[in-house]
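Chain IDs A, B and C follow the sequence of writing; residue 1 opens each chain.
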Amino acid sequence: MNINRVFGLVLICAMVLLAAGIASAQDMVTLRVWTGSSSPVENEFKEAQIAAFEEANPGIDVELLISPDYGTQIRAGFASGDYAEVFTVGQFDFPQWQHDGLLAPGSMYIEAQEDIYQGLRDAFTADGELYCAAKDFSTLALLYNVDAFAAAGVDAPGADWTWDDMAAAAAATTDDDMVGFSAAADKFRWMTLFYANGAEVFDMDGAVAFDSDAAIEALSFYQSFVADGTGDLPSNLNAGWNGEAFGQASAAMTIEGNWAIGYLNDTFPELNWGVAEIPVAPNGGRGTLTFTECWAVSSRAEGAVAEAAWALVNFLTGEGEHGGHAVAAAGFGVMPARAQFAELWSQTVGEEYAAFVTGASYATAPIFPLGFGDFDAAVNEATTLVMTMEEDAADALQEAADVAREIQAEME
Amino acid sequence: MSSVSAAASDAAPVRTQAQQNRADSAAGLSFVAPAALILFVFLILPLLVAFYFSFTNWSGTRPLDHPEAYEVVGLKNYDRWLVSGRRVDDFYRAVRNTLYYVIGVVPVQTVFALLLAVVVNQRWLSRKGFFRTAFYFPSITSSIVVSFIFLFLFSAGGPINAVLGAISPTYEPVAWTTNNDGLFHLFLESLGISEDTIGAWVETEIMDLEIWDWIAGPSVALSTIMALAIWTTTGTLMVIYLSALQGIPSSVYEAAEVDGATNWAQFRHITLPLLRPTSFFVVTLGLIGAFQVFDQIYVLQNDQTGRTTTSVAYLVYSTAFEGNSPNLAEASAIAIVLFVIIFIATLLQRRFVGGDRAES
Amino acid sequence: MSTITSTFVVHSPRDVIRVVFAALAIAFLVAFALVQITPFALTIANSFKCDAAVENRPMPFIPRLETVTCRDEAGVFISAEEQVDGIFFRPSVDGYRKILDSQLPRWVFNTAFLSIVVTILRLLFDSMAGYALARLRFPGNRVLFFVVLGTMMIPGVVLLIPRFLLLKQLGLLNTYQGYIIVLAADAFGILLMKQFFESIPQEVEEAAMVDGANRYVIFFRIVLPMATPALTALTIFGFQGNWNNFMDALIILGGDTDLYNLPLGLTVLRGSGLDVQYDLVLAGSVITTLPMAVIFFIFQRYFVEGISYSGLKG
């Protein structure tokens, strides 16, 4: 074999390899996808979704990272400027992350936006731009102990149940072993009543209205259960949270979210319980809170990578069989973010939990604007002071509202 | 230098003192080099970076390669938390809670650890391994399980209240995990003294908190957490004492026994003095650790006890990662302040109680 | 070894009192030991229970031979009463089955490997630095002591992100080396060793120095063997700290699940949120706690009086 032939062979091999390399580099897009660890079933669900996407898109390689401590890990990534192309964003993180320029605008890319619940779109909209697609959500509703209600001769709560009905039921079900209502000192419980009663954090003109009469009425009503002994804080009922107090049958009612479904059924299989919408306010208003997470695309993704990233987001959250449909069909606690799959979700988990999904149409994502961290802390403090009977609702809310007014004045 | 070696070096001057010092110097530097390098790069550099960030407004999320990642704002973060901000009272309340925690936990855990170590080091005790391991278990049992048991023991109808109720018929069950009343307040109350009768001076505000609030004492809920913390850390500190006890030659005890010294006298006059440096070390470490208490608070506080159980380290964490506007710069500022507090406390402890140098 | 206290020979009333006293003391110790072990014993018992029984009936601790599964064929969970009977319960292995993730062996290996390597390096570097701080006069000795002490005084959460950025610059993220280097020395260990070296007499070293031995020889041949008790303590602490290390592992190894240690891996499996899977959590804490207990039990044997002075006697 002469030297030229060897050289020629090597050259040809090198060229073939090079061509193959260029070809694969052009075809193959790698996406890093980061999210937090939720329940084991949900983790498996996300893995299956990603696997389905990779199968449907052979040119896209997805590296999924389910983090043990997502908040810390993604922040470290943000700080270094080197972070995932696709990642989840919780509603409370959204204002800050959007402000910090971490998220790519999504109005142009997210499919069939009008089908996503209004409240969820609002949660991820800034300056009229929708940034990311809600993947699923939870709402709060009224959980009640069916047996306790029957024993006390109280009818199961229906859609027209009012605050007065609730107070009467709490009084009727309270006995030596049980209080009527488990009322956690958590702003994200009593604010269901706040929104139902027509209260707002800011009024139409943008002025702080957190201490309006409607707000005071709502918090006073929530406090009244503790005040008259027909309710108590879960920490006084030997429980870490409402769900535990309710499950142990220490309380006949509580306000909790759909995450309690799995917990109650696994941990208290003999508990006979039902769900109703948050009772109607005296003025006939309805309200509840919603908690949601979305899939976002990094503002640093460009070209083919950005395209692939949005394709993945639509795959995970869209109308296709692996998006909202799959969330609904999986039937683990969280609900699909698209109204068209609400029915399917109820069928999967059981019609008895439908009140959670009914609330979606009037639910509010309770997000305070950026820079209102002190107000956030003040609302927490006000809630604790009211629920430990150290202050009345009017004073506590006024103190918190004054903090918001001060922040507003400083910002101008 | 001891007389033995001084005499020996007179006889055979292998090296001069200057040579020896130079050799020691070189050896010393080479001995500390690996550890010092690691600590410098991975602890001190990040600490300096955090110190720098405490003078900026960096949120912690905006990428640092962003042209407007942050601005230097001088002392604003310190001013906001220490002097004029809206949450100054939260900060000083956390300082108060932390101080009570430190004062309550450090002495008790030190004494318990010493007693346990001495007991499981006794020659007459057989199956030492079993006892040592048993006493060490609380230090390694998972905090989730510990908090479960804690909530069970101290619940309104739980064993602690049952036992106390059995002992004293007039006992009223205490809500151990949720009661925000300060122990000193309760004590004063039992003497018939309240905020209204003690005099107007208690309403004077020092650092945004009334004197009355400063002298509250640890709340019942915080005291319960402190009891639990003592239970879980004692085992760890016992190990330090256990290792130090091996340094006391048994010949010393044997001599004392020949002289007819009782066990208590041996403990009092031999063990305790010889363990002095170890005790100072354990106290220093306990102080530093207790000032940074976070885990126990995080696991055990509940929705009503925030104001009397939140520690400074907890405030650092929640400012950095929780709530509506997490802010790493502000968290760094609080952390630096905590650092200064601990540093001063450590210096005071070494000044007035003693350092960890052996006294000859 | 003394014979006076190690045997109880009854000669006089005083000896009788002594025997009674010793019996009482031992009874008290046994009771106290049981109190200390109970939480872990309950952890083990509850790791074999389904969520309903963990939450509602945590106390029964004696397993029956008959086992159960937490869900029946219809997918309905069994109640606490179905699993528990007096102080007995019918064990289920569902919790352990849930943590038998495909990556579990890998995580166990990582945890063991990193804990062992880091502990060995700490034994070396911490004791060298501790010795230098205790015995050797070099420029900056005193300052360095306060710097080492000072590094322990800052809440670690604010160092996480600066440290992450640094490791990224150094290219050490998501590598074993990164974890090992960062943790190969620690302030606590250095101070522990320094403190120990200060408490032992200098005569032996000085004698060796007279014989012309240099500091390196003295340290490795004479001082280190005398430091067995402190090295034992350091081994226990180093192992325990790294076996449980969540935060450092998250920052350094968090990007690659193949490199996860047990705390990271188990946290992912457990998930977050209010719907806690107690059986999984407890099974996880059993497999993280047991090795530490075993390590402690093995190493505590080296806490033997007088060992550090065998070279001094005579």
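Details
Note that a contact is a pair of C-beta atoms (placed from the backbone, for glycine too) under 8 Å apart; a residue touches a chain by one contact, two chains touch by 3 or more.
Only a predicted model underlies this, so the values are computations on that prediction, with no experimental measurement involved.
Using CA-based centroids throughout, the chain positioned farthest away from subunit B is A.
Ranked by C-beta contact pairs, the top pair of chains is B-C. Centre-to-centre spacing of subunit A and subunit C amounts to 38 Å, using the average Cα coordinate of each chain.
If you average the CA atoms of subunit B and of subunit C, the two centres end up 19 Å from each other. Within subunit B, contacts with two or more other chains are made by residues 60, 64, 321. Looking at subunit A, residues 72, 75, 79-80 sit in touch with two or more other chains.
Among the residues of subunit C, those in touch with two or more other chains are 161, 165. Of all residues in subunit B, only 59-66, 85-87, 90, 151, 155-158, 175, 177-178, 180, 302-307, 321, 323-327 touch subunit A in the complex they form.
Interface residues of subunit B, counted against subunit C in their complex, comprise 1-2, 4-5, 8-9, 12, 14, 20-21, 23-29, 31-32, 34-36, 38-39, 41-47, 49-50, 53, 60, 64, 119, 121, 123-125, 128-142, 144-146, 148-149, 152, 235-236, 239-240, 242-251, 253-254, 257, 274, 277-278, 281, 284-285, 288, 291-292, 294, 313, 316-317, 320-321, 328, 331-332, 335-336, 338-339, 342-343, 346, 356-358. Against subunit B, the residues of subunit C that register as touching in their complex are 1-2, 4-6, 22, 26, 29, 32-34, 36-37, 39-40, 42-43, 46, 58, 124-126, 128-129, 131-133, 136-139, 141, 144, 147-155, 157-159, 161-163, 165-166, 181-182, 184-185, 187-188, 190-192, 194-196, 198-200, 202-203, 206-207, 209-210, 212, 214-216, 219, 228-230, 232-233, 236-237, 240, 281-282, 285, 288-289, 292-293, 296-297, 300-301, 303-309, 312-313.
Across the complex, subunit A meets subunit C through its residues 36-40, 42-43, 65-69, 72-73, 75-76, 79-80, 82, 241, 243-244, 247-248, 259-260, 262-263, 265-270, 333. Listing the residues of subunit C that touch subunit A in their complex gives 50-52, 55-56, 76-79, 81, 98, 160-161, 164-165, 168, 246, 250-251, 254-255, 257, 260, 263-265, 267-278, 280.
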